[in-house]
Structure formats: structure tokens, C-alpha cells
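When the chains are written out, they are named A, B, C, D and E in that same order, and each has its own residue count from 1.
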Amino acid sequence: MDIATIIGLVAGVALVFITIMMGANPAIFVNIPSFILVVGGTLAATLINFPLGDVLSVFNTVKNTFVQKVASTENLIEQLVEFATVARREGILALEGHASEANDEFLQKSVQLAIDGTAPELIKDILTTEIAFMEDRHAMGQSILNAMGAFAPAFGMIGTLIGLIQMLATLDDPSKIGGGMAVALITTLYGAIMANLIFLPLAGKLRVRTTMELLQKEIIIEGILSIQSGDNPRVVEQKLKAFVSPAMRERINVGR
Amino acid sequence: MDIATIIGLVAGVALVFITIMMGANPAIFVNIPSFILVVGGTLAATLINFPLGDVLSVFNTVKNTFVQKVASTENLIEQLVEFATVARREGILALEGHASEANDEFLQKSVQLAIDGTAPELIKDILTTEIAFMEDRHAMGQSILNAMGAFAPAFGMIGTLIGLIQMLATLDDPSKIGGGMAVALITTLYGAIMANLIFLPLAGKLRVRTTMELLQKEIIIEGILSIQSGDNPRVVEQKLKAFVSPAMRERINVGR
Amino acid sequence: MDIATIIGLVAGVALVFITIMMGANPAIFVNIPSFILVVGGTLAATLINFPLGDVLSVFNTVKNTFVQKVASTENLIEQLVEFATVARREGILALEGHASEANDEFLQKSVQLAIDGTAPELIKDILTTEIAFMEDRHAMGQSILNAMGAFAPAFGMIGTLIGLIQMLATLDDPSKIGGGMAVALITTLYGAIMANLIFLPLAGKLRVRTTMELLQKEIIIEGILSIQSGDNPRVVEQKLKAFVSPAMRERINVGR
Amino acid sequence: MDIATIIGLVAGVALVFITIMMGANPAIFVNIPSFILVVGGTLAATLINFPLGDVLSVFNTVKNTFVQKVASTENLIEQLVEFATVARREGILALEGHASEANDEFLQKSVQLAIDGTAPELIKDILTTEIAFMEDRHAMGQSILNAMGAFAPAFGMIGTLIGLIQMLATLDDPSKIGGGMAVALITTLYGAIMANLIFLPLAGKLRVRTTMELLQKEIIIEGILSIQSGDNPRVVEQKLKAFVSPAMRERINVGR
Amino acid sequence: MDIATIIGLVAGVALVFITIMMGANPAIFVNIPSFILVVGGTLAATLINFPLGDVLSVFNTVKNTFVQKVASTENLIEQLVEFATVARREGILALEGHASEANDEFLQKSVQLAIDGTAPELIKDILTTEIAFMEDRHAMGQSILNAMGAFAPAFGMIGTLIGLIQMLATLDDPSKIGGGMAVALITTLYGAIMANLIFLPLAGKLRVRTTMELLQKEIIIEGILSIQSGDNPRVVEQKLKAFVSPAMRERINVGR
């Protein structure tokens, strides 16, 4: 998933950059005040619209979208079935050592709860609450990115209107009309690029990713509860495979 | 939250102001009749659309968004747990003195109801009804601000059309076309700024804030009912922490 | 509510009128054929979209929005509590004389049904059906006004396109381009004013008003059923006050 | 209803036609290639979007909207009450002769089912299924007309872009710019007229009409089941009148 | 269905092509860098928005829309009734040979499950899960195509803004303004054609097709379960015909 995001971002920026460089006068497209107006205006409107803490944490959430690799669901199921085999053979306490192997923090916490002998209903409650807050946090992130995707073109237009009015009001030499209008249009261009290459697609990615993480966390909860109740590894495997597509099921290779 | 709203508003206005001042002719952007048309037209359409009382109270609601500080949810939970400790040790009547300490009117009222020995179902009914009306009032406020965010650009466009028609109809000297068009475009600029820097983000903030206040009021109801039923302070704490995110739970410092 | 609608409409029209009169050439804004095209086109599309009877009755519904005063909910509750007192003291038949005092037709009918000794379930059925049809009628009215708010700018644009094409096709003297374009833009102006100052805000008002009337009619049903079942006036009062906001409750002054 | 559709369509087309004829050069508005591009492009996109059979049947559905008169709901109820009277007096088999009088195919079929002694549950099943498919068919018709209402302006804009590019690319004589632009704008005009005078209002009418036909068919089902169960004609009348507005109830004149 | 898609696509492209060829200068409409910017930008934004795997599989899904013929629902029901007859006469194992005749993979799998004596609940579970994943896959495909239908015009506009700014900034010879603007507008044209002739209608077709395939798969599940439970072929027929329209029912010709 990360790769697609990065390929898309790099390719999109490169395409726009090359298109601009092919023209006669690329320097005209760099206009710091225009950039500040669009970025600053978008941020200002976003700060009025959302609490400061949530706006700050959206940058973190977006960064995670790039850096954190989504664990493979196939591996996750294989690992849970392996845990089931260990728990079945050596007792649930034997998972103590394996829990730290898991590279998913949520999985570690879930295994620890099971080892501690927490009641199944409580495990489910604790983990479900955590998922609900993750979902809320991501939903807020999507709202913020979508709002930025609406504010960016709006401030682009505001910048263009300011530029046009300045240019038209001081129009005494018609030959200068072109240059003034070119400058005025740059904010609209900035707003359109930010919205369509950054804010809106990132909001979409966050939504897709939330769906995927939710599925994995639900698989973990189901798996841990099944292991704790002493289910046969084969039963655990069947229960977890029901969460994934037939095609993915065939890729899952349980080492038994 | 207030800080974000104020930072955003100040920063947004400053950005637009600086962008205008950097141009050759800032005076052209001040046009009182244009301002009156856009603000007046937006207000007129809003008054046709909504009852007078609701339109007037939206200004109050918005003012509160700036002035009233949203109480910290952490403090609220700490306070409720403290109340539970007092009630457990000295009986519920001992809360009499503490109720007035609470800086939240809703919390004061809730404590008073519990002290008066009101039946739990009735307490829940009374407080839930109050919350429902707060929610309705805020929902009406959001509708009004969203409608203003749609009417402002519309009257901006109406002003520009009037200006364009006047300018085009009396066009005998082509050199004056620029000045006329500049003036005509000012209403569109006013409408776009009002919608994107004031009405739409404030409507969004009201929605976020409603969600937060609802959560706090639900915590208060749960807490008071739990205290009244004589729950152990530790149980009260656990019940209330279930309403907040894991991160916030760690920041709650119950003085026990 | 009527006052807000009328203030808004008068103020909006006055603002547009004054803005036009301040210009050099106000006569250009009066263009009968343009007006006929926009109004006629909007009506034509509305007639294709909705049954004739419903389109005709929307004018009636809108007229009522201005003429009929929404009864005060406070008065309504006071009156119902008074009826309860009378019925309790002198028997339900004693309401015979008071029913005609009520200036609300729905209230009169409800009281009459109770006096006639109609079974409570039947009263509820009859009155609820009547409310449902009022709601349907208003919902249809909103649909029609919203559709007109979408068709008016569309026919404004159609008129401008026709004007532009005519002007451009016969363009031999560039000095006439301004006048032709001014005339062409007038239909767009008409469409924008009609949509934003008449159709869309009126649709909104109808929605707000429907909500209010529904609440009052629900209060009447609850009150009449409570009176018929012989409830104590104090109980009737409590039941009805639950429908209104805490602020309004304090304004209700039951004469007991 | 048909009359409103036809009045609207004739009036709308006449208004546009007259507006064009009042201009200096009406011939410019007739442009066969532009017409083919907009109509053809809209149809092409519609065919990609929907199955061929459904697109073809939408024309049939629209034709029916004009030709088929919606039966009067008042008459329908009067007729069903009359059937109830006959069935009560002479037995349900006596409806044999009356069924053919009914000018509604669905009513005829319903009566025939009752005469054949079909079990009530089966009658309800058969008729409800038929209604469900009618609803699906109409919903598909609305989707198609709404899609055409979105594609028509899009292909209008595509035509204008093609015209503008051709005109601008070959621009050596500035005096010809007007004529070229006039021709380019014609496709946008065609698209706007088609969408706002034909596709969108017809989609709306289909929706209104579906609602009305559904109501009538539900009245028929209720009536037939009531007659079959041997209900008193007065009971049948009461049951059916509950489906219609109080105003309409007074217009129903049962000949008893 | 395929035929409509192909007719629509060919007709739409041909119409645009002919309209362009009729103009004076068709070569201007071929602009490789403009094409790369719009297609590449749309793909880049889509890759940021969706996981790589899903974007790749949308091309496959679209290809299937053209290549795979939707089986006739009439034939499917006839075949299932035939299977019921065989199973009734010779036992369910006799379907072994007939299963391979079925040209629908899902039908083959369903028959095989019945032959293997799988419990009815398990058959239902397995097949329903498979349908759910098909639905998810198609829903993702629709989301991606709809997003592409929104990104394509956006990148068309971005390209036009870049072209306009370049042209205006280097404007020294007014006679060249036409050519520059023509080139700038080409990306907008490309974006509009892609969205309205490819992405949006294909997303629509995918939705229609999903509905149809779901219906067929539900018919298969119902049929197989009915056959397995030993239902009389006439009963199977009745059960399956309830899924289709009255018109289609008459076209079903069960060979009995």
C-alpha cells in the first residue's frame, strides 16, 4: 500500500514538474507569496474548523500511512494458527515467549491479556474499545483531509480574485494584462494540485487503510478468543479464513 | 479549541490582508456598498430561511464558541471520582458544598438533583431531555451557518453580475473596462472569503464541539447515577474512563 | 416567523434595488423578455416535473407561510391545561363551549372528537393520519421549491447562452459587444436572484415550519388523550412541558 | 398529470423558440452536427452505463407517462366499494361480469384471482411481487433519465471545447472570433436545454408517478383482500379511505 | 449487455472523432504530452487513493465486463429445473456428469458441494461468503472508477491552468494568444471525454452488472438447496421464478 502511495505521489509531482519544465518559462510557476496564501489559508480555515490537537495529529496519521507497513493478513493468520498450536500443545502460558515475536503491538497486547487469564468478555471489551477509538481517530483524520481538499481550491480562487482585481484596477498598459493574469492564476493552480494530488487521495487512502486495519484487528480478537477457549488449531484456522477472500485463503500456508 | 479558532481566524485574515497590501493599490479592496450587498443579502436570505429567534441566537452560539472554554474531560472525570469519594465517605448530602465548586452548570444541576434524592430514572430523564435540546439548538446553528456559507458566494456572484452588466452597458471607453471589472469582482471575493474563512469552518467547529459537549454531559450523567447508587469510587472511575481514549486515560490523575 | 420572512424578503429586494439604482444606468436591468424566459422556463420545467395540482397548491402553501401566524406553543399548552381543568371540574362535555374559542382548527376538531366520546385509539388514528397528510403536502412543497431553485439558474444560463450566441454571431462592430453581453447576462442575474432570495430560502422556511407545526399537533394529540383519560391538570401540564425546551417551560404560565 | 407534462414541455419549448426568433439571426441556432454530437454522445454514454434493454424500455416508460392517463383514485375506491356491494349481495362469482368493466389491468387480474378462489396469502404474494417489479422498472427508468441529465451538459461542454480549440487554433482573422465562438457555444445550449427541459424533469415526474401508481395498487390489493374475506361494503370503504387525504375522502361518492 | 457497452463506446468515440475531423485542423487535437499529463495524473491520484492491487484488478474487472457474457437468467433457471428433474429421477449423484456441462463456475461448484453431501447450512455459508467477496471486489472497482471520473477532469483543468499561465506569461505577440489557448484547452477536453465516455459510465455498468450477477448467484443457491432437499422439479421452478419479472417468467421454457 505504501508503495502505491509513494509511486503515485512521485509520479504525479514528476508529471506536473515535467509539464512545467517543457514550457518556455518555468520560473513563473514558483511564487512564494501565492504558495503561502493557499497553504496558509487552507490551514487557517482547517484550524477554525477542527480542534488544534486533531489537526496536528493528522500529520502524524498521514506520516504513518507512508512509514508503517500494513502487515500481511496472510502472515497474521498463519501466526495466530501457530500460536493456537503452541497453546494447544504446551498450554497458553507457553505463548509468553512468542508474544514478543509478534511485530504488531495490538497482537502483543491481546496475547498478553490471554496469558494473564483475563476473562474473555473483558478481553473483547478492552480490545473493541481500542478499535473504536482507532476508528474515530481515523474518521477525524479523513474529515480533516477532506475539508483541506475543499478549502485549498477555495483559497486558490480567493488568491486569483485578489490578483485579478489588482491587475484590472491598475490596468493602464494592456500589454501587461497577460503577465498579471498569469500570476493571478497560479494560486488556483496550487489549490487544484494540492486538493487532487494530496488531500483528497490521502483522505481516500486513509479510509481504505482503516477498513484493512479494522479487519486485521477483528481477526486478532477472534483468534485470541478462540485460542483462549482452547480451540483446535484447525478450528482456529477455519474461523479466521472466513474473514478473507477465497483467493487469499489459498495463499495462507499454515505450517502443519 | 478556542485557541485554534482564534489562531485560524487571525492568521487567515492576516494572510488575505498582507496579500492585498503587497499589491499596488490596496484601497480598491475596500468597497462599502459591495460589503453591504454581500453581508445584507446573505442575512436577508438567512432570515427568509430560518426563524428570527434562531438566527439571532446563532450569533450567541458562535460567541460562546470563542469565549467559553471547553472544560477538560480529564478534570471532569477527576472531579466526579472525587465527588464519589466524598459521597462514599460522608454520604451524598456532603456533596452540597462541593456542587458549587463545579464550574459547569450542568454538573451543578446534576449534583443538586442527586442531593435532593430525586429518583434515578427521573434524573436521567431530566438531564437527557436537556441534552437533546442542546443538540437541537446546535444542529439549528450548524444549519444556519452552512446556509450562510452557501448564500454568501451566491450574493457575491449576484453583486458581480450587477457590476458587470452596469459596466458593459455603459462601455464607451474600452480603457475603463479594467476598473469596472475590478469593482465588480470585489463582491465575489467578499462572498468567497466570508464562506471559506467564517461560515463554513465555524459550522464545522460547532459540529465538533457539539460532539465533545455531548460526551462530557453523558459522562456527567453516568457519573452522577453511579455516585447516587453508592458505587465504589474505583468503580466510578472505571465506568467513566471507558468513555475516553486510552491516551487520555493515562493523563487522568485521580488523587487517591 | 412571518416577520423574519417579510423582513428578509423586503431587505433583500431593497439591497439589490439600491445597488442597481446607484449605478449609472438602472433601466438596463428591466428586461421583460428575459424575465419571461427565466420565470416561464422555470415554471415549465416544474410542471413537467410535478403534477399540476401540487404545483398550484405550492403557491397557496407559500402564501400561508406569510399570512398564517404560527400559534405560540406556550399559549397552546396553557390552553390545553385550562381545558384539562375545566374537564376535570365540570366533565368533558363542558369543553363544548370552549372548543370554539380555540383559534386552531386542528385543536377544535380534536376537542370535538373527545366530546363525542370517540375511542382514544380512533382519535389517535384519525389525528395522526391528518398529520401525515399535512407532512406529505409540505414535503411536496419543499421538493417543488427546491426544484425551482435549481431550474431558475439553469434557465438563467440558457438565456445567457442564447443572448451570447446571438451577439457573437452578428458581431461586426466590436463596440457593440458590451451592450449585447450586458443584455445576455441579465437572465443569469434574474435566475440567481430568484433562486437565492426566493425559492431556496422559502423551501428552507417550509421545512422549519413543518417541524414546528408537527410538534404543536403532537402536543395537541397528547393533551387531548390525556384530558380524555381524566388526567389531573398538573399531570397534563407535566406531560406537555416535556415537549418543549427548558427555556420555554419557564415562560408557560398556567393560571392555577 | 399528463396535461401538466404536455403544457410544461410545449410552453418551455415555445419560450426558448420565441426568445430565439426575437433575435436577429435565428438560423444560427440550428446546427445539425452539434445536435448529433450532444444527443449521440449522451446516448453513447447511457448505453455504456446501462443494459441495452433497459435503455430501450425507458422510451416506452416515458411515452406511457404521456399517453396513459393515471386513473382517478376516487373512481378506483368507488369501483372497489361497488364490487364489495355486488360480492356481498350476489356472491363473489358475480364479479365475473364486472371485472371486465375495470379499465385497469391490475384490477382485472386481482378480481380474477379472487373469483378463482386463490388463497388470500397467495393473492397478496402474486400482486406484491408484480408491484415490486414495476417499482424496479421505474427506478431503473429514473436512474437512466438522471444519468442522461448529467451526460447531456457534459457532452455539450465537450462540443464547445472542440469548437473553441478549432476556432482558436486557426485564428488569423480576429473578426471571425465571434462567429466561431457562437457555433462552439451551441452544443452547451443544446445540452442545457435537454437536461433542464427534458431529462431531469421527466425523471422527477417518473418518481412522482411511481408513488401514485404504488398507492393505487396498494389500494387494489387491500380492497380485493377485504372483499374476498366477505367484509361489509361500509368496512371496505373505511379501509380504503384511510389511504387518501381528508380532502379526497370528501370527493369520494359511494353510490349507496 | 456487452453489446451495449461496445456500441456505446464505439459510437461515442466515433462521434467525437468525426466532429473533430469535420473541423479545419484535426491535427491540433493530438497532443501526446497533454494526454500523458491527464492519464498519468489521474492514475497517480488513483494510486495514492487506493491500494496498488485493487487498482490493477480494476482493469481486469473492466475487461471482464466486455469479454464475459452475462449468462441468460432464463437459461439458468431452465438448467436448474432440469438438474432437479435428474436428481429426482436418478438421485443427486447423477448430477455428477451434468455439473461439468454448466458453463458457470459458481454453478459447477454449487452442484459439486451438493453431490459431496455437504450440509445445507455449510453450502449456504460457503456460497454466501463467496458472493459477499464478489460484491466487495465490484464495490471497490466502482469506487476506483468513480474516483478516476473525478480526477480526470481535475487534471484536465490543472493542465489547462499550466498552459494558460505559460501562454499569458510569455505573451508579447497577441496574435499567438489563440494557438496557446487552444493547446491549453486540450487537457480539459481530454479529461471531460475520459470521465464522461469511459470512467463514469463504466462505473455505472459495473453497478448494474453486480446487481444482475448477485441475482443469478442467489437463484443458484436457492436452486441447489431446493434440489438437495429433494424438492419436486415443479416446486423448484416456482421458487426460482419468484426471483424474476413476470415478463421473463413467460420466456422460461422448462422442457417437461
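The working rule: contacts are C-beta pairs under 8 Å (C-beta built on N, C-alpha and C of every residue); 3 or more make two chains touch, one makes a residue touch a chain.
These numbers come from a predicted model, not from an experiment.
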Q | Mutual neighbours - chains that touch subunit A and subunit D alike | A | E
**Q.** subunit D-subunit E separation of Cα centroids, rounded to whole Å
**A.** 28
Q | Rounded Å distance between subunit B and subunit D, as computed from the means of their C-alpha atoms | A | 45
Q. Which positions in subunit B touch two or more other chains at once?
A. none
Q. Put in order round the ring, from subunit C and then through subunit D, what are the chains?
A. C, D, E, A, B
Q) In the complex formed with subunit A, which residues of subunit B make contact? A) 1, 3-5, 7-9, 11-12, 15-16, 19-20, 22-25, 28-29, 175, 178-179, 181-182, 185-186, 188-189, 192-193, 195-198, 200-202, 204-205, 208, 212, 242, 245-246
Q | Touching residues on subunit D, where the partner in the complex is subunit E | A | 33, 36-37, 40-41, 43-52, 54-55, 129-130, 133, 136-137, 147, 151, 154-155, 157-159, 161-162, 164-172
